[in-house]
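Next, two complexes with subunit A in common: one pairs it with subunit B, the other with subunit C.
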Partner chain A sequence: MIKINNLDFAYKNTQVFKNISLEFKKGNIYGLLGENGVGKTTLLKLVCGLQQPQYGCVTVDGYTPSLRQPDFLQNVYFLPEEVITEDTTPEKFIQKIGVFYPRYDFGLFNKLMKELEVDLSKKFNELSHGQKKKALLACAMSLQTDYLFLDEPTNGLDIPSKALFRKVISQYCSDETTVIISTHQVKDVENLIDPIVILDRDDVLMNASFAEITDKIYFEYGPERLQDAYYTEMLPGGYINVLPNTEHLESNVNIEALFNAVMKNKETIKNLMK
Partner chain B sequence: MNNKFNLERFGKVLKHDGLNFFPNFILTLAILWAIPVVIYLFTSLMPTDGTDNVYSAFSRISVIDMLTKIVLILAPARLYKYCNDSRKGIGYAMLPASTLEKFLSMVIFCVIVAPIVYVAGALAIDSILALFNGPYEGFAISNYFNEYAQIDYNITAHGMTGVFYDTLPLVVTNMSPAFMTILSYLGILMISSIFMFGNMVFKKRKTGKMIGILILLSIIFMIIFINFIANNEALLNYLSQINEDNVSEFIERFICIWMNVTLYTEIIVSAVMLWGTYRKIKTQKY
Partner chain C sequence: MDFNGHKPIYLQIYDHVCERILSGEFRSGDRVMSVRELGIELGVNPNTVMRAFERLQMKEIIATKRGIGFYVCEDAKDKILSEQKKDFMEMELPEFFKKIKLYGIKIEEINELYKNFE
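The block that comes next holds the complex of A and B.
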């Protein structure tokens, strides 16, 4: 489990987090959402030890990430947004780093490379941006770490690859694996992520599962715009209204509408979800 | 598993860094290996005024030694270029090994492996070139590990035989072979540790910036040293009393002081730079 308590973090004069507390429970695929610059990547860097909190503490299964102890690092993999690769083939790359990870499975790597339709014989430099991302995803997943942090993993992927990405994550992540996907391409990770964490500047607006969300918020698809809705958006054939679920009705979460509703009613929804 | 040091994991780090060694460093090594070849070709083709062009083994050893120092200077920035880069260094930081293991591996590759690989290659190239009927006289490899032969050669080459004639036995007595060897290895460690630290501190133009800082520090120390001598009457008095009769004693004293200063400087600078490098690996933010 990842525990963040009273975390303060700033880059020189820019405050990113102020006294935030948050938990990520084991075995879930979290969607980390937020506007540009709210600190999604910074949060991932803090939980994998690439940054250090200025105040407060971050622990992952009892380990302090910033100490970068081998026992912690062998259970964590961070795939950054920007594709940085070596002048080698994905196969050689994974063989080089795989030995450090106790559950690394080369067979799984080959299987994932085939499923993601990446050419095994080519060097990283010879692959397109999307192919590189898929190759690195195969590498990351074949290490079978307890925690997998993906920063904007679908950026640069074409439509079929996005579907493959969702398939691979849902199919090959074990029940013990905690995945945190930072993204603002919410459509790409729809039906994949649950729970959702929505970050705001200096604050966490929401950390809730779909069940908790639909228990308190109702997503209504109808022909008209409702006045008491947190958020309304015109869709082909009608409107989607995000409303307080006072009558405990069942509905399906529309992540994009939820995100916009939260952004428009920060304090109201934050208090509602407490 | 031990989070400070584990031999099996350290072996994996060595293998990991070893696999990166040639891809990252081969071009630098090739250029530095080519320099003696260029000198050979230049010496062979140079017009002579009737005398033979002779390029002795000891001269070539001096060139190899100088180029080895360049290898030591360049190795950290070539081998661990991106380890403090906020984007490209993430892989290095996240590699499941302890700071100590990563640090020791860095030291082994920069201080030991890089110069050994260069010297081995350079001596092999020298031996091949010496087989031809060219300007090369003797094999560098046969004298490379004979430090005394090298010292003798250097004294003669610099026209200091007369000066050292009386003092050399005293110098040799004071400076035992073990001492000279330690001094020479510490020198290698000092150069390497300075540039390893520079590699961790600076993000771009790492070697150039470190050389610039060293030049600046040298100038500052020189000014302080000159001021110290100029304002020290006892020392000036002593220097003014040097004549033909006591010059040998002066040289002997000077060398002893110089060697001791060098020894302590090398130990202190190496320790500080290595500690700084370790701290930077441990606390680097990305």
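The block that comes next holds the complex of A and C.
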């Protein structure tokens, strides 16, 4: 489990987190959402030890990431958004870094490259952007770490690759793994991410599972715009209204509408979900 | 599988498994694919599939056996059909009545059409 307690973090003069507390539980695929610049990437860097908190603490299964102990590092992988353009093949790259990860499986790497349809013979700098992202994803997943952090993993993937991405991530997930996916492309990860974490400047607005969300919030698809809705949006064929779930009805989370509803009613929804 | 936006995904997965039982793909006493396998096939979160399976278990459509996993219950088909019939009578039929009233269709006309349909 990842525990973040009273965390403060700033880059020089820019405050990113102020006294935030948050937990990530095992066996889940978390979706990390938030507007540009709220610190999604920074949060991922803090939990994998690439950044150090200025105040408060971050622990992962009792380890302090910023101490960068080998026992901790061998069980964590962070895949950044920017892709590397090394003059080497993904195969050579994974053989080089695989030695540091006890559960690394070269057979799995080959299987994933095949499943994701990446040309094995090409070097990183010969692959297209999307192919590079998929090759790096295959590398990351073949290390089989319990903690896998993915920063905007679907950017640049073509439509069939996005479906493949959902399949391989679903396959990766077990009772012992914690996957955190930071993304703006919520449609790409719909039905894959659960729970959802919504970050705001200095704050965490939501950390809830779909079951917890639909218990409190109702997503109504209908012909009209409702006045008491947190948020309303026109969809083809009608409106989606995001409402308090006063009558305990079941509905399907529309992540985009949820995100917009939270952004428009920060304090109300934050208190509602407590 | 295409999910629609309105119904909770776990309920759509529940319906999906029911359809596969009705079609005979999963037969009584047979092992159903695991939560993991179905999650991969559909590209959805395994926890969501688990929620669907819990409901299937609650409705006694599937059950667990140690060492086997989930299997289809003896009278699963009957249970699914009677549940679907109940849903149809309670949800779809009133909608249908509303429409024939709106369009001024007489029940005799419907009766005639139903005879020909048979």
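Criterion: the second predicted complex is superposed on the first by the 273 of 274 C-alpha atoms of A that agree within 3 Å, B and C clash if a C-alpha of one lies under 4 Å from a C-alpha of the other, contacts with A are read in each partner's own complex, and residues count from 1 in each chain.
We take it that a contact is a pair of C-beta atoms (placed from the backbone, for glycine too) under 8 Å apart; a residue touches a chain by one contact, two chains touch by 3 or more.
Source: prediction; values computed, not measured.
> Examine A:Q15 and indicate which partner it touches, taking first as subunit B and second as subunit C; both and neither are also allowed.
neither
> In the superposed arrangement, does A:D87 touch subunit B (first), subunit C (second), both or neither?
So A:D87 only meets subunit B here.
> Is A:T268 touching anything from subunit B or subunit C once the two structures are fitted on A? First, second, both or neither.
neither
> So, does A:N6 touch the first partner subunit B, the second partner subunit C, both, or neither?
A:N6 sits against neither subunit B nor subunit C.
> Let me test your reading of the model: by the given contact rule, A:F78 touches which partner, first (subunit B), second (subunit C), both or neither?
first
> For A:S128, using the defined touch cut-off, is the partner it touches subunit B, subunit C, both, or neither? Pick first, second, both or neither.
A:S128 contacts neither subunit B nor subunit C.
> Figure out whether A:C173 sits in contact with subunit B (first) or subunit C (second), or with both, or with neither.
Second partner only.
> Quick one: classify A:D194 as touching subunit B (first), subunit C (second), both or neither.
Only subunit C; A:D194 stays clear of subunit B.
> Which residues form the common part of the subunit A surface touched by subunit B and by subunit C?
Correct list for subunit A: none, the interfaces share no residue.
> If we count contacts the way the header does, which residues on subunit C are in touch with subunit A in the complex?
3, 5-9, 11, 36, 39-48, 51
> For subunit A, which residues are in contact with subunit B within the complex?
Counting only subunit A, the residues touching subunit B are 45, 48-52, 68-71, 73-74, 76-78, 80, 82, 84, 87-88, 96-97, 99-101.
> For the complex, give me every residue of subunit A touching subunit C.
Interface residues on subunit A, with respect to subunit C: 27-29, 163, 166-167, 170-171, 173, 191-194, 209-211, 214, 221, 235, 250-252, 254.
> Any idea which subunit B residues touch subunit A in the complex?
1, 3, 6, 9, 12, 15-16, 19, 23, 87-88, 90-91, 93-99, 101, 282-283, 285-286
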